[in-house]
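Contents: one structure, followed by commentary.
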Amino acid sequence: MITEHKSHFRVRYQETDAQGHVHHANYFTYFEMGRTELMRANGFRYRDMELTGLNLVIAEAKCEYLTGAQYEDDLMLVTRVSRVKGAAIEHEYEVWRDDELLVRGYTRLGCVDNDGKVKRMPSWLGGKGEYPDLPPISKDDIE
Amino acid sequence: MITEHKSHFRVRYQETDAQGHVHHANYFTYFEMGRTELMRANGFRYRDMELTGLNLVIAEAKCEYLTGAQYEDDLMLVTRVSRVKGAAIEHEYEVWRDDELLVRGYTRLGCVDNDGKVKRMPSWLGGKGEYPDLPPISKDDIE
Amino acid sequence: MITEHKSHFRVRYQETDAQGHVHHANYFTYFEMGRTELMRANGFRYRDMELTGLNLVIAEAKCEYLTGAQYEDDLMLVTRVSRVKGAAIEHEYEVWRDDELLVRGYTRLGCVDNDGKVKRMPSWLGGKGEYPDLPPISKDDIE
Amino acid sequence: MITEHKSHFRVRYQETDAQGHVHHANYFTYFEMGRTELMRANGFRYRDMELTGLNLVIAEAKCEYLTGAQYEDDLMLVTRVSRVKGAAIEHEYEVWRDDELLVRGYTRLGCVDNDGKVKRMPSWLGGKGEYPDLPPISKDDIE
C-alpha cells in the first residue's frame, strides 16, 4: 500500500482573502483533496467506498501556518498516512512552494456505516476491517 | 403568501478575495440564503420540503455587479419571487449597503422528485402542485 | 474587556457537503466570524485595526468534531479569549445546537504590521502593545 | 492570441452540497480558474497584470445548469473569449463530463486601475489598450 502521495495544484483566486493570501480554512480542503489522490494512487476511489455504505468522517483537524500562499502559486501537497488503528486513520500533510514549507497539517478520520455505527478501517486503507473489494480504477484514471 | 423578504447579514472575512471585496461567486450563496429566509417567513423550512421528497434544483443563475462589498459591511438582501410557472420558480435579488445598490441577481429553480422527475411547484411556493402540507414552524423560529 | 461572546447563526446550504453535514473546513470560517463579533462586542472593528496597519495572521488552528450540523440548523458559537501573550492571542470555540456540543476549536493568531514584522498585541485586544485608539463603534452597530 | 482553452480538473468533496452535487456557486470559481489558465496559455499571468496596476473586475456572470456534477468527477472546462470591446472582455464557458454538457456560462469583466478608473483592455488580452509588456512565463509553467 502506498502511504505517501504528492499532489500538485495551483491556487485559485477564490481561495484568497483580503489579506492577499490563501484563506486558512482552505488548507483543510487541500488536505481532503490529498486524501482523495492518495486513495486513487492505491487504485480506488473514495466515491466507491461511500457506495458500499462505509464513510470516513472527520474527528480532528489541525494546521500550523508558517507562511502564506498567494494566487497562482504552484503548490505541492504531501499527504502521508501516519497511523491506522481500529476505526481511525490519521494523516499528516505538508504544503510546499518550491523549497519553502508553508503549512503542516494533521487529520484523524473515523470509519462509520450509513447509520453512523463505528466500523473497523478497511484493509484497503491499511486497517484490519475485511470488506468486499472496491472496483479497481484503471491506471489512466489515477492521475 | 409573502413574496418578498429582506435579510440582513454581515460580510465574513472568508468571503473576501485578494482584491479586498466579496468574491463574486459568494453572492449566489447569499441569494440561496435569501430563498431559505423567504420560505421561513412563509412559515416553513426548505429542509422539510426535501424530507417530503421534493427538491429545488438550480436551472439558471445570473448576477450583475455594480460595486463591491467589503469585510464587515452590513448588507441587506432583498429576495423576491418574480414568477412561478409549471415546475419553475424565478426569484430576483438585490444586495444593498445602506442606500447603495451593489448587485442585482436572478435565479430560476425547478422542482424535481428524488428520481429527478420534474414536478409541479408546490402550492406553498405559489405553484399549482398539491402536496401534503409541510410541518409549520413557530413564529419564534422564523427570524 | 469582554473575553467571551456568543453568536447565533443558521447553517447555509452552501456550507453542507455530500455527506449532508456542514463541511469541516467551514467551522474555521465560523470561528473567524466569532472573533469579529467578539471584537465588536468590545466596541471596535477588526476592519479598522487593519486600516491602522496592524494585522492578525493565523499561526495555528485546531478543531475536534463530535457530531455534524445540518442545513438550516440554528447554531450557537461561543468564542473565548484563552490567552494573550507577547504578539499572540489564543481563542477557544464551541459550537452548540441547543444542548448538544458539536465541535470544539482553538486558534492562535499573531499580530504583525504591513511588512510582516511581529508586533505586540494591542491593549484593546488584551495585550501590552500601546497603539492609537481605534474609532469606537456605536452601540447600534454591535449586534 | 489563443482565444480558447481546455482545462481538466477533478471535483473536490468540499465543492459538493447536501444534494450530492457540486454547489452551483462553485462553477463561477471554475470559470475564473479557466480564465487564469487561458491567460497562462497565452504566456502571461493574471497575477503579474495586477502588479502593473490593472485589474479585471466582474460586471456580469451567468450560468445555465443542465445536469449536476459529483465528487471525483473528472470534468473538462472550455473557456473562450467571445468579445473584447473598450474596457470589457466577455468569456463563454462550457463544463463537460465526457460527452455530456453540464453547464454553460458567461462572464463580462471590466478593466480598471487601482483607483477604480476604467481602462482600455490591454492588447495582450485582445484589446486596444497599449501598456508595458507583462513578464513572459516559461513554457514549463504554462500547464
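We just call them A, B, C and D in the order they show up, numbering each chain from 1.
Definition applied: a residue touches a chain if its C-beta (ideal position, glycine included) is under 8 Å from a C-beta of that chain, and two chains touch if they have at least 3 such contacts.
Keep in mind that this is a model prediction, so the values were computed, not measured.
Of the two chain pairs considered here, A-C and A-B, the higher C-beta contact count falls to A-C. The chain with its Cα centroid farthest from the Cα centroid of subunit A is B.
Averaged Cα coordinates give subunit A a centre that lies 33 Å from the centre of subunit B. Distance from the subunit A centre to the subunit D centre is 27 Å, each centre being the mean of its Cα atoms. Taking the mean of the C-alpha atoms as each chain's centre, subunit A and subunit C sit 26 Å apart. The set of subunit B residues touching two or more other chains comprises 13-14, 25, 29, 32, 70-71.
Per the touch definition, subunit C reaches subunit D in the complex via residues 13-14, 16-18, 20-21, 23, 25, 70-71. Interface of subunit C with subunit B (complex): residues 10, 12-14, 29, 32-33, 36, 45-47, 70-72, 74, 141. The part of subunit D that touches subunit B in the complex is made up of residues 19, 24-26, 28-29, 32, 55, 57-65, 68.
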